[in-house]
Structure formats: C-alpha cells, structure tokens
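Inspection log for the structure reproduced underneath, given as structure tokens.
By written order: A, B, C and D. Residues from 1 in each chain.
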Amino acid sequence: MADFEPKIIAFVCNWCTYAGADLTGTSRIKYASNVRVVRLPCTGRIDFMLLMKAFGRGADGVIVSGCHPNDCHYTSGNFHARRRWIVFRSLIDFMGIDVRRVHFAWVSAAEGAKWADLVNRVVSEVRALGPYEGYKRLAPVRADWRTRDAG
Amino acid sequence: MQDNMRRKAKELLSGGAVRVVIGYGEGSGGGVRALFVRKPEDADRLIYDERCVQNLAVYLTRREVKALGKPAIVARVPVMRTIRQLMIEKQAAEGDLAVIGVSSDGSLLDFPDLKSMAEYVSSIPFELSSDERAAVGKLEKMTAGERWDWWRGQFSRCIKCYACRQSCPLCYCERCTVECNQPQWISVPSHGLGNLEWHVMRAMHLAGRCVNCGDCSRACPVNIPLNLLTQKIIKDISEEFGDTEEYALNTFKPDDKEDFIR
Amino acid sequence: MGKNEYKPYLMRIAEITEETPDVNTFRLEFTNEEEAGGFSFNAGQFGEYSVFGEGESTFCIASSPTRKGYIECTFRRAGRVTKALAAREVGDTIGFRGPYGNVFPIGDWKGKSLLFVSGGIALPPLRCVIWNALDLREDFKDITIVYGARSVQDLVYKKELEEWRAKPDITLITTVDPGGETPEWKGEIGFVPTVLEKAAPASADTIALLCGPPIMIKLTLPVLSALGFSPGNIFTTLENRMKCGIGKCGRCNVGKYFVCKDGPVFTFAQVDELPAEY
Amino acid sequence: MEKMTIQAGAIEELFGRIRSGGRRILAPVDKSGAIVFDEISSYGQVASGYIQTTLSAKEAVLPRFEEILRFRSEGKGVVFEEESNKALPTVVFGLRPCDARSLSVVSAVFERDYPDPFVRSKIENTVLIGVSCAQSDEYCFCTSVGGGPGDTTGSDLLLTRIDDAVFLAEIITEKGESIVSMAQELFARAGDVDKNSHCAKVSRYFDLEELGKRLPAMFDSPVWDGQSLRCLGCGTCSFVCPSCTCFDIQDETDGPRGIRLRCWDSCGFAQFTLHTSGHNPREVQGKRWRQRIMHKFSYQPGGLGEAGCVGCGRCSRACPVDMNLLQHIQEILEAD
C-alpha cells in the first residue's frame, strides 16, 4: 500500500491546542493534511468512547491534545484527563489495541510549531504502521466476507 | 456462625428494624441462591458457607427490591466494600440499610451504622491476590499482537447477554450507554466491533470503582475472564496513584506521573 | 432464496407538510412503477419506514386506499429514526415495507354512522378511515369527528380540519386542552372526553373509532359506554414497540396475539380480553 | 427408519468424507470450559464428558447476528447490493435430541405467514447428526415437554453410544441417508439393540397440557414477582435457549455503504417493550419473567401448536442467580 494515506482524528481542547493549531495556520506553517480536528471545550470533556468511535469508524490513528497542566481554562480538566489517559491507555494496550496509533500531547495556544510537528510525526508513524486493518475488519459492514472476520 | 446470623436476622425482622433480609439460601445443582427473607420464621433458611460468594449488593439498587422496604444484607468483605462505594457515589446513605457483616475469617460482625462498616472495610488492604496478579502479569508479558488475538478469541464467544453488567452491583445506571442510540456508541450485535467496544467501555466505567468481587466472570455463561480487565485497572491505579480516599478517576494529584504525553 | 421480506420498497419523498414544530407528514411515491402498480392496502394497516443507515420506524399508512399512486405517513420527531426522517428533504429516498397488520372492517359498516374520537398525534390512524369514508360518503349515514390536542399548534392536519368543517355532511368538533387556545380559536376548549360527553353523539347503529394516548382512552371509554356504545362497536389501534412488523421478533407479543400481525386494529371487546400488557 | 451401527473409530473417516463432500462440520468444542459449537476438522476436537453444551445449535440456523440487507446511497437515491448472507452446506454433529427438536420450533416461527429466506436456506443446507444422551442432570426435563434422551425428532441421523467402540446409527431422513451413503462401508446393519438401555433416564416432572391450561388464569398471580426477585434481567436464558427466536434489527454504516443486521434480543431486557414515549408495558422484572413462561408454555402452544421449550435445562444451568425453570414450573403448578 505504497500510496496509503492514514486517516488521523485529533480531539483537541478549544482554549489551547485548537488555538495553537490556528496559530500554525496563521504562521503559514505547512503540515500533513491527514488530520481531521474535532474541537471540544477541554481535554476533561474528551471521553474515551470518542477514541473508540474514531477507530470504530475507520480511523488509522488518533491524537488527543489540550492545555499543559496548570493552564487549563477550567482549572482541572486536564488533570482529570491525564488520570483517565493513564488508565485508558494501559487498558487498551492490555487488550491488544495498538497504542502506537494513539498519541497524547499538551500543546498550548502559543505552540503553533509544536502542533505542526506533532501532526507530522504522528502521520508519518501511523503511515509506517499502515492501515489499522485488524480493527477495521471487526465491523461486518467492512468485513471482507470471504475471510468472515467480523465473527 | 450461621445460627448467630439467623438469630440476628430474626431480631432485625421481628423488631421491625428492617422489612427484608437479603442473604443466601440453598439453591439447585448443589449451589446457593440469593434469598429474600421477610418473615422472622423464614430466617432459618438462611445459610452461610464457602459457596456463598454472590455480591448481594447488586439487589440494593434494583427497584423491585427497594419496593420491599428497608433491607438488611449479609455482607462479606467485597460486599461491604461495594456498599462503601455505593455510599461514596450517593446510591446508599446512612439508615438506608443494615449490614450483617461477615469477616474474611467467617465471623459475624455487628456494625451500629454504615459509617463504622465503611471504616472497618477501609482498614482492610485492597489489593490483588498473588494468583490474580500472576494472571494479569501473564497477559502483560505477551506482545500487543498476541494480546489482541487472545482477547479476540475470548470476545468471539461473547453473545452480549449483559450478565456481566446485570450482575455487577456498580452497574446500576438506569439507561446504560449501550442502550443509548443517539448516538449509537456501541454496536448492538455481538460481532467483533460490538464486543470489543462493549468490554472496553464496561471496564473503563468501573475504573477506580470495581471492588474485584469477581461476579462478572462468574456470571459470564461462556467463561470470559472479564475481571482480568478490571483487575488490570486496579493494579494500574494502585501503582500509579496509590491509595485515594475518594475513587481514583474522580480526583487527581497535580503531580500525577506519566511518560507518554508529549 | 425466497422473497426477502426485509427488503423495502424504495420511495421518493414527494411532499413534506409540517403539521406542528415536531410532527411532519410525508407523501411518498414509488420509485419503481411495477411496484406501484402491484401495491394495495386497506385502512388501518401500517408499515415500517426505513432511513437507511439509521433503522426503521413503525407508523400507520395515514392515506386512504381509495387515493392511488401515493401513501402518506405522519410521525413525530422523537427517536433516532424519526429524527433522521425529519431531516430528509423532498426528493430523497427512504424505504417502506408493508402493508402489515389487519384492517378496519369498513365494508361491514355500510349504512351505519361513524364517530371518530382522537387526540393529539393519534388522528393519522383514523384519517385513513375518514378519507376512505368521505370518498364513499353515500355509504354512511352521519359522520362525527371529535378531535382534540394540547394546544392549537399541536393540532395535525390543520388545513384538512378546515375542509372538513366546511363540509355540510360532517359534524366536526375540535377542541384544545384548557390553556392551549389562542385568541382567534373558534373551537371548543376542554379535554376530549368532556367535549364528547357534551356533544353526546347518538350511539344507535354507530361505529366508534377511538385513538389517542392511554390516559385519553382510559377517560373516554366510560363516556362512550355511557352514550350506549358497546365495546364490540368501539375500534382502536394498539400502539406497541415493533421491529419486524410480521409477527416474528417478539416485541409486540401481548397474550396470544402479535399486535403487528393480529392487530393493530382491535375492538375494545378484544382489548378487554387482552392481558393488561400493552 | 433404518438402524445401522458404526465403529467409534470410523467417525474420523466419516468426517473426512463429509468435509471433502463440501460440507463444514460444527460440533461441541470446549473453550475455557464453555462447550460451544464451532467448526472442526477432526473428531478429536469434539468435546466429551459433558451433559449439555453451554450454547445451543440454534446458531446454525439463527446466528447471533446476520445480514438481512446491504445498501449503498448514491446521491438522493439508494441502491440495494446483493446480500452476502448465504447458507454454507453444514453438518451439525453432536447436538442432543432436545436441540434437534428445538430447531422445528425455530423453523415454525420463521416459516409462518412470511417465510424467512435466511432461516429456511440455512435449515435446507444443514444436516443434523444427533447424539443421544447417556447421562442427564437435575436441570433436564425433556420428557416432560414431549421429548426424550433418545428421541429421534428433528435429527437426520441419530447416534447412540452402545459401548466404548460402537454407536447405533438411526437414519431418520433422506439427509441422514445422504450422509450414510457417503461412507456406506463404515456402517453395518444393526441387530436388535435395546436403545433405551443405553440412554439416560429422565423422569417426567410435570404435565405440559396441565401447565398450558393453568397459566392463563395466573396472569395476575404474585408468583411471578416472588420468583423473579433475584432475577437480574440479563439475556443469558434467552441467548442460550435453543428455541428462543426474538431478535432486534440494527443498521450499521461505513460512509455511503451500509448493512441491516438481525441479532438476538431478549424479553428479559428492560428496553424490549419500551416505547419511544417512555411507556413500558413491562416495567418490572416480574412481568418479563412472566412473559418468558407464558410465551413458551401458553401463547406459543396456542399459536404454533408446540411449546417453546424442549426441556434442555440450559437456561437454568447458565443463569447467574440460579433461576431454575423446572423448579419454578413445579412451583407454579403447586400454587393453587
């Protein structure tokens, strides 16, 4: 799959990372266009089911990013999120889901360059991993019925 | 001890302190089953031995049982721990129920109120047994690919009967996320995707709350070792966050450590 | 492989009428001509309406078999499928499979009077009979319609209500719950049971059709029997959760009946026999 | 019905013939202690030493999920694609006589009024090789609902173990005949064999007609709430049951493409009869437990002419809180 372009979904917090991504644009910094950004008020609001739904709908990689600790517009949203990601990342790794496709980051509103670098790095890593075929074939609508993988 | 338990049950019922005693009675197939004693003279059907393992706290939040009036409940350590968690989550308050406690060495415990029961059970260290730790460790040593195949094999037997959810005392939501269809978070049919999404969500929604009573695995008709998931989370939480008065994911420490957020 | 009953007809939305802020009426035409030709139904039957990718929802066919070439359905935006339906535009394709269920025995009512009593969004299951009766007007003596809703805005088929009011050979009584009226409202003000009691239509040689929310049915039945209607002469359609519509998936099993297959049309004599599980 | 015998050692060869004849074989396999039907290639994989499988053979004709429609949206229109839900030629080996009988209950539901092409094609493409029960336990009550440990109803070929080396093989239908003719030399004519002496003894605990007559009047009896206090409302009893056929229909999409799936559902779940308006005719567990008994022992015998239960005892064995169906039926019959 030489020309495979991964589909990356980024769940970002509105106050820091989204603003950072905006800054990336206004500073004319080019970065991979594979990412589709979903804006949420805070990382505290990014439910782990959103990540599951992203993979369930065919994403190859997921980025979750928000304010650095102590920068949170809602004071403690990112602290709660951090605990959730520590538990969630370990759980899905324990269940064999490929955690190399799930990237967590803190990107502030001033770190436009960091956002571009983050996206480029994740896209290249996931491109190397190839499409998340194992996960996509779990759903019967995508299962290739000859291999009858959806069972 | 069984006779003391029966005497205690009779006292509570005839004194009018409670309207029903939830305990264990003889069942079929040489097993035991939950027993709802409402008349003092029926208390003699209450039994207690090593077969009595079901977490009876599951009945505390069921509307049909609540309709019977204030209950007393026969509670081993995991059941007491469940009641403490239900209190933290505002599902049970002082005076809602009486506890006929049974210590880990099988002696009867009497608590004046729920607060003292909660303190008693908090004093008992909450950790995985060596076998449980070994079972989790065995999976941790596998590669991610091997774990994926192993769990796919286990979940391929899942028929989404939700016995794991219905038998869990901490799965008391009126309408579970699985039953929401706007949006349809979890695919309803028991195919590869639906099963994986369901078991990830169930484990995560019990993170920091599960008391490791094992009823989910016991209830599973196709023997999927479900409590491995919640045990893995219990192990992670104690290693990462140490003991917390409140449950782990409801609070935080500013200096929680992690090595994967860039 | 035999006929796949779950494969719906593909229907084009020809017309959308917004009855109330959350109730729409769709006029559906067959995209395939032979299917249109081969299709027939009777008043009282229902169908499963599909939004592909969202699911199916169960409503009655609100139009009459006497009006060819299209079918109509009226639904409230309430769940996943109905919300998806409400988002559709004229020209879109949805699915319809049916007709399912039994029928109002209109043929047996020749020469009798008809009394329609309905509330809120329960007028559609009766409208198919009303249209049918109007198209065969001379078959029936007098026709009385008592229809009420929470407020003026909640009345469905507003345009038609005016048409029916203008017809000399129909007695139309519309009402809104107390407090639901607007300054220019000319109809009655009060709950359907009380308005029906005041109107006191004759019960001799008359068939009553009653559809509405459970509370309205509970309060209207005594009024009807006081007026001399026997349970065998009061017809209704039962409302159950349905998925397959063909008596297999088990949801609408009440007693020995499957409401989708043996109903939805029942007389209250039959309803009284049913276990109280609907 | 022809009575033959076949050596236990020859079954491996029979399997080989069946598979090379293009039929897959589903048989009971032990997976982490749960005995479930799965595709096998050799007789050695077949589980043994169990009384009844955990899940039933119903899956061969009514899978836990299957595709009933495949579609694609194009602009404002929709195009149907050919369903890929084709029945595979199958032999189900090792199901008990009660399971074989239950498939006629399943087929009766799906043949009535609107014949279901998916279930029908799977039944047509499936051959049932039953194995009589040598043992039974306190949960079995097949003889009370018209069956028996050696009952041939529903099976195409029924094996009964006579001793360690030999099976009695009763050919019941042409399908059974077609299997035997694949390996005629492996079968020998059986002398007179007293089959019942090799089958388990299952006593009759109650009379089915009596139960059917009693139930209608018990609709409002307090027995339902009393029995179902400990019931947790999961779907285990319905999903392990060989004759439960209730299902749900769900759509799933991937961009413009989508499929409509039929999957198992249970009257034990709270949402089974929940209306969008919030009204639920069966809002407490007692009413759902009542529906399970009424449907199988009163409504279905009335509607289909046969009970919706074959007495296999799976629901009682699998129930996490020991809802023992046989015991509860006996309680119902004793309740005045």
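Throughout what follows, a residue touches a chain if its C-beta (ideal position, glycine included) is under 8 Å from a C-beta of that chain, and two chains touch if they have at least 3 such contacts.
Note that the structure is predicted; figures quoted are calculated from it, not measured.
Chemist: Which number of steps is the smallest that gets you from chain A over to chain B via touching chains?
Modeler: When the steps are counted carefully, the minimum from chain A to chain B is 1.
Chemist: Average the C-alpha coordinates of each chain, average all protein C-alpha coordinates together, and give the chain whose average is closest to the overall one.
Modeler: Chain nearest the overall C-alpha centroid, as shown: D.
Chemist: What whole-Å value do you get for the distance between chain B and chain D if each is reduced to the mean of its CA atoms?
Modeler: Inter-chain centre distance comes to 32 Å.
Chemist: Can you give the whole-Å distance between the Cα centres of chain C and chain D?
Modeler: 39
Chemist: Could you please state the distance in Å, as a whole number, between where the Cα atoms of chain B are centred and where those of chain C are centred?
Modeler: The mean C-alpha positions of chain B and chain C differ by 48 Å.
Chemist: Going through chain B residue by residue, note those that touch at least 2 other chains and give them in order.
Modeler: 184, 187, 189, 191
Chemist: By the touch rule stated above, which residues of chain A touch at least two different other chains?
Modeler: Each of 139-140 in chain A touches at least two other chains.
Chemist: If a residue has to touch 2 or more other chains to count, which residues of chain D qualify?
Modeler: If we look for residues of chain D contacting two or more partner chains, we find 65, 248, 250, 252-253, 258, 261.
Chemist: So with touch defined the way it is at the top, what topology do the chains form here? Options are line, ring, star, complete, other.
Modeler: It is other, because the touches fit no line, ring, star or complete pattern.
Chemist: Among the chains present, which pairs are found to touch?
Modeler: A-B, A-D, B-C, B-D, C-D
Chemist: Taking the touch rule as given, give the residues of chain D at its contact with chain A in the complex, in rising order.
Modeler: 65, 67, 84, 252-254, 257-259, 261
Chemist: Applying the document's contact rule, which stretches of chain B touch chain A when the two form their complex?
Modeler: Touching chain A: residues 136, 139-140, 144-152, 156, 177, 183, 185, 187, 189, 191-193, 196-197, 199-201, 203-204, 207-208, 229, 232-233, 236-237, 240-241, 248-249, 252-254, 256, 258, 260-262 of chain B.
Chemist: Given the complex with chain D, which residues does chain B contribute to the contact?
Modeler: Touching chain D from chain B are residues 27-29, 31-34, 36, 54, 58-59, 62-65, 153-154, 157, 159-163, 165-167, 179, 184, 187-191, 215, 218-219, 221-225.
Chemist: Would you tell me which residues of chain C are touching chain D in their complex?
Modeler: Chain C residues touching chain D: 1-7, 10, 31, 52-56, 78-79, 82, 91-93, 95, 214, 239-241, 243-244, 246-251, 253-256, 261, 275, 277-278.
Chemist: Quick check on the complex: what are the chain A residues that touch chain B?
Modeler: Within the complex, chain A contacts chain B at residues 48-49, 52-53, 56, 69-70, 76, 79-80, 82-99, 103-106, 118, 134, 137-140, 143, 149-151.
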